[in-house]
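Next come two complexes built around subunit A: one with subunit B, the other with subunit C.
Our next item is the complex of A and B:
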């Protein structure tokens, strides 16, 4: 067999396997969510196409899945905005100003990012209890900012270090302050970097599970991953149809984000990981 | 600008970062280490007990069972992920139809919360009406369904399969970036010299990809050691505690109110991850020297 053909076969097979492998659980979610009987494969029941699972989770007030989704969106958005702002401030100072410790900050942060979450969990729980923050958005927002910061900082560092310092110097001569230079000159031309940092911070926060499991109690602050993970139903029988419909609704925003901004995500991830 | 004010401004810009990191990372870690030397159980007064929690840890067979499980899980899943990730990266690096779509598809497992996709996996592994058992029976691979989540071997491989699904994309993306730095001229020359693509892979791609492979390997290992979400949702650590990871084990003590012992377990995980992180930084520098 000639080489080109062999390679072609390898690539096409690889592409098909890859697609099937990545989509399987997601497709299964959709299929089960559209059926009356999640156990139809047993042969005892029929599939029974229906939209009832979706209407049920939107109309039943006791399910709270929409509350969980709302909490997730609010917490993740605020955490991602804060992480991006804090990272931009630090990255600007590190790339533009000479001060002792400027090399140490990103390195220490990278080291901290490797701390297992479990080694923060117990004590953080006590601290948040003392503050009376358990079951509030704040109990999640601040820990999430720290989870997202290392990657956000590395992304902003790599963007800012590519910008010429002449931009700053010209504005300095005109008498502008550093904060003004950052907000009026540097940030507007770093939008792709800001965007990468924001989106990745958002995804990190949206996906977090352990802190949300420990620091929230009910629908007032519980996020969607915990809500879906703990959803068992009232009468013993697991309501798979509901759970899968909720799962589809929960992951749709994320899938839309990656479909639209695939380039930024790939870029951000590789900037953070390769340099880090 | 005078040097003094530059230093001052440098710190002012970093104040938000330093405050957040100090309060929400440094204080909790130090607090956990201190707590690990105390008897800190609900309803009892706190008491300094020195190394008692650590002594208890070393003779706790359940802890060592979870330790063994975690190590075995890390070894098998990370190696599988690197292997598959390399193949996927090679495929995505070529000009194939639907490449843009494939790059979106590959991000899906990574971007969906694992606690949510674990519920879909739970259904796929279901004994009576799960997709996997349906396929096994229909294809005639076995006459009886396989007990995916109810047996310890089945539960182990269920966790490995789902974890490979979740994290292979991440490795693929990193390796893809590594592949794009290899000059195309090298391949052209090798092609002219008549080497086939398998040879080109072993003599050009693999050696040049090695630094990125090592980074991906260590990065994933540090991440896999702290596995929690997937196991919590998929098996709850069962059956019979056979799939309890060290993080889940510590979590169960926190949940029962034993913060002293939970902290001691956490400190051990912390030390393990730190050792790997130091190794990671060292290799990071090594790769710099190779260039």
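Our next item is the complex of A and C:
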């Protein structure tokens, strides 16, 4: 057996193991969601293929799954858009404008993002209740924007600092102002960065549990991770089939967002800006 | 068409690694309207910084710049006219084309910013693309273009709004040799046709000599000499300029040659304080013992239209440009002659030319 072949075998085996490691829990989730008896492996019951779990969570009036999904999508989309906009503006300022302390800002943000989320909880709860925001979208959107911002900013920083400053200078001389340069030149060629910042902020907000648990009370603002976790209280025993069916529904938006934007993330749009 | 006057301009900045840097020191220049002015100097000499300050991308620390007697920037921060109000256009070394826009959109960008109406934009873009032979490429994106075509688009974007000053920052250095020579003459004739005051930054002395109506040689942030190409080449003010211009570079002779080179007693007496330079084309080869001194031919290399003879005498290597008909053999002794008025003598310590 020659080296090339051995390399290939290792590569393929490694790939399969890694894929299985990542995807098996999802497979398990789908299987359970489609079975009548979640404990079918114990041998006392049979699997019993059924769609009942899905119909039940969508039709039962006490579950509110669609409300949770709607809340999650609204909160995550708005938070991700805000985080991306703020990150782009600040990343542009930090990479292009001269002001004292501009190197400190991203470092400080990175430092803040290392605080454990739970250390903010008490103070934040007090603040949000004073504002009367508990159980509203705003109670989640604003904390999520803050928490997603460091990551989004660092993504935008790395994209912007790779673009030649001569592009900015050329546009300045062509008569454009800074905002116009950002919107007409820099952002269009940073689409891959914008999309990655948006998607990662979106995923973070979509999955966040702690704040959503603390700051929401019912289906008016509660998001899907919390909703699923609280199924247990609704039914007394753990309804695995329902939980898994709901989880499958919860994963769909994220898969859709990524499928939609992945070609933009892959695209290198800056080719041809300078001599290649 | 603008007359540009630069008055005792300096630029300092601080960096963590190098401390205080004097990028430009007391620059004084006057650029005639409609002329082609070249800023020539080695990389890092501050010439691009000067161009950026003229454009309004950077601000000076001291001094002023005037466009037609009207101040556009002053070092005390009292006056700063932003680039878009200066009516300047600039072509960058990297071309800085907007990669997501077509050639048409690239050229139209400055017009769109100034809110011209659509028909007017179309007419002007077509006019510029006609001049630069870009008509067939208007729908292409920059990445589909060759280096020379990108260069033309960058020029198109610069001339389309008919600026009063055109700034060019090493625009030809990313092109290959043949194209560079072609673009050089195109650039010059374009400038003549449009009659725009042009400032051209380069480190390439051939480009500077062939393009410039006037050249300012810059080193370490200081103007060394200003003059037309012939003055700079034939009458260099110091050793740096003499060495920087000319290809192959000027030959340097140390004290041991001074008895053949100069008959001024104050120079020959203190010969250790001086060095002399003679351009390769001023050195004539004669029969052995018939010149000022003898030298050995180490190597001959032919450049087609001329030959270079690599010579050696008294532990010094030097080069002579000879006509291609000259019959010379390697490893023979020959005589060297030259006219004394073609010898430049420089003070060793300061590099200043004294004869």
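Assume the second predicted complex is superposed on the first by the 234 of 276 C-alpha atoms of A that agree within 3 Å, B and C clash if a C-alpha of one lies under 4 Å from a C-alpha of the other, contacts with A are read in each partner's own complex, and residues count from 1 in each chain.
We adopt the following convention: contacts are C-beta pairs under 8 Å (C-beta built on N, C-alpha and C of every residue); 3 or more make two chains touch, one makes a residue touch a chain.
All values derive from a computational prediction rather than experimental measurement.
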item: Subunit B or subunit C, by number of subunit A residues touched; value: B
item: Which superposed partner A:189 touches (first subunit B, second subunit C, both, neither); value: second
item: Which of subunit B and subunit C A:48 touches, first, second, both or neither; value: neither
item: Partner chain in contact with A:22 - subunit B first, subunit C second, else both or neither; value: first
item: Which of subunit B and subunit C A:180 touches, first, second, both or neither; value: second
item: Touched partner set for A:167, first subunit B, second subunit C, both or neither; value: second
item: Contacts of A:132 with subunit B and subunit C, given as first, second, both or neither; value: neither
item: Shared subunit A contacts, counted only where both subunit B and subunit C touch the same residue; value: 172, 269-270, 273-274
item: Complex contacts: residues of subunit B adjacent to subunit A; value: 1, 3, 6-7, 9-14, 16-17, 20-21, 23-29, 31-32, 35, 87-88, 90-92, 94, 96, 98, 100, 102-109, 111-121, 123-124, 128-131, 134, 165, 168-170, 173-174, 176-178, 196-197, 212, 215-216, 219, 222, 225-226, 228-229, 232-233, 246-247, 250-251, 254, 259, 262-263, 265-267, 269-270, 273-274, 276-277, 280-281
item: Parts of subunit C lying in touch with subunit A, wherever the complex brings them together; value: 52, 55-57, 82-84, 88-90, 92-100, 109-110, 113-114, 141-145, 147, 150, 157, 174
item: Interface residues, subunit A side, partner subunit C - complex; value: 164, 166-167, 169-176, 180, 184-185, 188-189, 269-276
item: List of subunit A residues in touch with subunit B within their complex; value: 3, 6-7, 10-12, 14-15, 18-19, 21-26, 28-29, 32, 38-42, 85-87, 89-90, 92-94, 97-100, 102, 105, 109, 111-112, 114-127, 142-143, 145-146, 149, 153, 172, 178, 203, 206-207, 209-210, 213-214, 224-226, 228-229, 240, 243-244, 247, 250-251, 254-255, 257-259, 262, 265-266, 269-270, 273-274
